[in-house]
Amino acid sequence: MKQITCALALLASTAAMPVLAEDITITVWAGGSNDSDHYRIDNIMIAADLLSREAAIRGEELNITVEGKRDFDGWDGFKQAVTLGAEAGNAPNIVVTSHLDIAPWASAGYIVPIEDYVDLDSWPLNNVYANLMEIATFDGTQWGVPQDAESRPFFFWKDTMAKLGYSDADMNDMAARVQAGDYTLRDMLADAKKAVDMGLVDEGYGFYPRVSNGPDYAQFYQSFGGELMDPETGKLVLDRTAMTEMYQFFVDAVEAGVTRKNHIGTDWDQWYSEVASGKAAFWHGGTWHYGRYTGKEGNDDFFGTIGFTLIPAGNEAGRANTITHPLVYLVTDQEEDRAEEIAAQLVSIASEPRLNTLHAIASSHLAIGKAESDLDLYAGDRWASEATDVLLPHANAQPNHPSYGAFSEAMFKGLEAAWAGVQTPEEAVAEIEAQMSATLGDELIIR
Amino acid sequence: MNTSLKGNWLLVLAMSLMSAPLVIMYGFQLIDSISRPAPGGIIPQEWELTNWRFLWEPIDSARPSIWRVTFNTFVFASSTALLVCAFSITAAYALSRLNFPARRFFLAGLIMLHAFPTITLIIAIFIVLQFLGLYDSLMGVILVKAALELPFGIWIMKGFYDSVPWEIEMAGVQDGASRFRVWRELILPQVKPGLLALLIFSFLAGWSEFILPLVLAPGADAQVLATYMNAVIADDTRPDYGLFKAIGMFYALPVIAIYLLFQKRLMNIYGGGTKG
Amino acid sequence: MNRQTLLGLSFISPALLAVVMFFLLPVVLTVVFAFTNMSTSTGILGGEYQISESDLRRLPAAGVSDEVAEMLTGAGYAVRPETLALFAADFGKDRADEFDTLHGGATFNDRRAMERALKDLRGDPIRVVRERKAAAELFRVSILGQRYPTEAEFQTAIRELGIPEADHAALTKAAYTGWTFTTQNFELLWELPATWRYALNSTIYVVLTLAFNVGFGLFLAFSTFYLPTRTAQTFRAIWFLPRILPPVLYVVMWQWLTWDQGFISAILRPFGIEPINWMRHTATHAWTFIVLINGCVGASLGMILFSSSLRAIPETHLFAAQVDGANRWQQVRFVLLPQMRWPILFITSYQTLSLLTSFEYILLATDGGPGRQTEVWALAAYHTALSNYGGNLEYGLGAAYALALVIIGILLSALYLRFFNFRDLVAKPRIEQ
């Protein structure tokens, strides 16, 4: 099929074309997007304007109408709408979604590889960080382009740390110490325990993790030496030792009184207001939390009150790390190859540093490309610049594997069971091992 | 029998206590929508109407205006209700009064359908709609919602037909009228209260629906009030409880109005169906 | 066919058509899906044919010989005389000759590398991106990652590659991207420890909610029975509203009541009780509120039905009891309650089925939390089939969950039909013409 379409494209571009007005409508659906994320769609509109102008200079009349939609009822409704639309043959041309959707959607034939239409080695795509670009690949094919970047740092409350005896210089060194593996999760636990014992924070507020499942917990697995996917075979990996030690870490945190036993399921609004006001000593979150802490929660002195680092290593086997979970632009399979081509070109233009910076700063996300740091808008934003330096070079992503969802759910369920004291870490790991081998079968390596 | 308020004060007190949580929820739903509580508190500080701003200005650039959404919801709910009623009045009469093959089978099937989990059918429903070319159209969603409500509707209407005395029908037939005429001229007026109750109930069911339109007609701009409200709540960068409450109030107003108008009818929805 | 039959059939057919098309057929399809591995990855309406890089290592297990797997592996693009000839035909001999001197005999793993090589052309560069891509395609020698819409096209492609006939069937089967029939969903359900927890949760949910519905429905019916009409009406209105309020709104009201900065926490703070999330603090909290939330909706159904049955009881029975000096409790216990046997049984059986399949309020309230402690069977079916963080929705497995509910539903309703004297219910119409 590809050969046929390529031949057609060849014909179309080599034949001397009469100047004909070409009208095309491109629909963009963005999942998980609220008001501050409107550049996910607006950038495609700006790109359409640029593309039409380029066409006009070549002497072609190309009218592109962009229709955007992002008022979905959460991720579930968005994904159902996209997949069913694709089945029915009227999917939107461009979707903005999690990179984890690439594997299933590519297998199902809902999306087409962006590399079929645009040159990855030319501007602006060659400016995109290679590790981010890699996240939008599956089975050796470049399916999409990262739309934004984020990462999930570890935070500490500076005031509490000062009372624990850390000087300002110590706190400034913290990021480097964590990165070097000098300050581990165990050290953090000891500090958190001290903070609770000294009454600096309430019991259960020494270490205040995320309240629901998310990529964040895979970070702790990596902190203890776990590996999510085997690079050789592309199979998912369950490292029993790492998993047990990670579960044990949370159990120890509960036993030491620094984390609440029933912490999972805490209300998000409550969680935000507590961490932004210093009720917790240590916690972990996302780079986009900056917007929430300084906005809705009213923390006016973010840099004076909150410090951030990578997620510390847990033991010798592990490393300090952070996971980035970028959204990606994907181009869907359409009847008309021309629509796919235009959509891919729009995605490419929307990845221009200047356009992407609009989104990054408006929504407290990070840059997808190197050149964005040179733009005033980006460089002038202290949070974006610092977070980019400290976090992004060390960020990895969760694997694009069709069964990763099942893997992640099982891992989290086991963690919850151990955390709540329903099972010991060993029992919990044994149960998820049974569950994962049943659901993943051949796609899992157990170590 | 003693039914005075005084003689039953203990009972009234007990019931008031038990109803308190519900009454508090209703009350604050109203109060919070037109006032601003002190931060962290619950006592209203200032009376204001800013929570109702969604009526005259869009609250988010990507969302359609509330009136558009309300109109969608209204079209969806009323078409569903009309379809359910139109199909139920005939089907229920047939099941209640007419003798035809496989009647017992239909009745048993009706009761069993009640036991099926409807939302998990969504993928299969999609295939059917796609096959009929009705996917991504409001018409398709309305048909689906009506079909899912039908077993309930037929069951209720059958109850009402069952309670119409046979004598009325016998008399009509003896006068030489056809069964169709008897149904239309003699029986239908008897089940009018039931029909009205069913109409209201199906309307309310359509008014509450939140999954079907979004998934089965995503491109048709078929956003309804339930999804609108859920999307506003899900927007966690700027939670605004006053706004939720005001939108909730707006959403509930027709329901409350309907309740006040048709209280008696609604209470009689199961009027026919109680015989075990 | 007599006229009554005709009228009956024509009266029932519109409803029948709607129900069969949009309710019964989907149920049947769902039963079929339960025996498939359908998921987002496989698509719904059928698949295509493709061997991808990650498929390669699965091939031996799928019965494809090692040599074939070996043949499929390897560089995707090669500059050979035959590919150069294709290139020359479309892009001119000069370019082909230059390219031959530059990269003759070279192989490239992916298209990006191939395109980079094509950029080396200096004499007459290929300037347009899409032309370069089309040119790169001409050098493709592997079928890895290529999608073929039909089986025939795929088989032609592997024949051209020289794959032995013996392996065609197995390879085609392995290359199919759509869903296939399997019984592994049921094996999985049987093996997963979570299955039993969901079943237990469903039992807890149904039993507790039902007890609340019937008990409280009875209480409401009896109390309003003894109260003056206006007072009774007020209470009925209060308890009826949850049934007709949109669930989204109704649950938000409960959330406002129970969250950390909500009503309960606020009024308990002066008493020194730390604010907690009353709905999600522990499993017990969650269950309490789930039963209350569902119960307040369900109790009104009981209240309405019981009230109308109460009104049907002749008042003389009560007067007689009063004359005998029975107090109110005794009246209820010995006079009224015995007459309510049928309505109570009806509500119990009707709501058992409704509750088994309902999860809307739980989804909105706790979403199965904390820690899947309130994940009931129907909610698990929903989560598996329609909501998954990783993106791969397992329609087949979700349908298997749903099928279990369908079977329980059919068995229970068959039982009820027996029990409630189905014959009465479908008593033959008395007019025979």
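Quick notes on this structure:
Lettered A, B and C in written order, each chain numbered from 1.
Operating definition for what follows: a contact is a pair of C-beta atoms (placed from the backbone, for glycine too) under 8 Å apart; a residue touches a chain by one contact, two chains touch by 3 or more.
Being a predicted model, the structure only gives us computed values, none of them experimental.
In terms of the distance between Cα centroids, chain C is separated most widely from A. Between A-C and B-C, more C-beta contact pairs join the chains of B-C. Compare each chain's C-alpha centroid with the centroid of every protein C-alpha atom shown, and the nearest one belongs to C. With centres set at the average Cα position, the gap from chain A to chain B is 40 Å.
Note on chain placement: the centre of chain A and the centre of chain C lie 26 Å apart, centres being C-alpha means. Here the spacing of chain B and chain C, counted between their Cα centres, is 23 Å. Residue positions 80, 84, 87, 269 of chain A are each in touch with at least two other chains. In chain B, the residues that reach two or more other chains under the touch definition are 122, 126, 130, 210, 230. Across the assembly, chain C contributes 44-45, 261, 386 as residues in contact with two or more other chains.
Across the complex, chain B is touched by residues 27, 33-36, 38, 41, 68-74, 77, 80-81, 84-85, 87-88, 90, 92, 268-269, 291-292, 295-296 of chain A. Considering their complex, residues 3-5, 7-9, 11-12, 14-16, 18-19, 21-30, 33, 38, 44-45, 220, 223, 226-229, 231, 233, 235-242, 244-249, 252-254, 256-257, 261, 263, 266-267, 296, 301, 304-305, 308-309, 315, 318-319, 322, 342-343, 345-346, 350, 353-354, 356-357, 359-360, 378, 381-382, 385-386, 395, 398-399, 401-402, 405-406, 408-410, 412-414, 416-417, 420-422, 425-426, 428-433 of chain C touch chain B. Of all the residues in chain B, the ones that touch chain C in their complex are 1-5, 8, 11-12, 14-15, 19, 21-26, 28-29, 32, 40-42, 83, 86-88, 90-91, 93-101, 103-104, 106-109, 111-128, 130, 132, 143-144, 146-148, 150-151, 154, 166, 169-170, 173, 178-180, 201, 204, 207-208, 210, 225-226, 229-230, 233, 241, 244-245, 248, 251-252, 255-256, 258-259, 263, 266-271, 274-276.
Residues of chain B touching chain A in their complex: 60-64, 122, 126, 130, 135-136, 210-211, 214-216, 218-219, 223, 227-228, 230-231, 234-239.
Of all the residues in chain A, the ones that touch chain C in their complex are 1-3, 6-7, 9-10, 13-14, 76, 79-80, 83-84, 87, 98, 100-101, 103-105, 107-110, 115-122, 139-142, 213-214, 233-234, 262, 264-267, 269-270, 341, 402-409, 413, 416-417, 419-420, 422, 431, 434-435, 438-439, 442.
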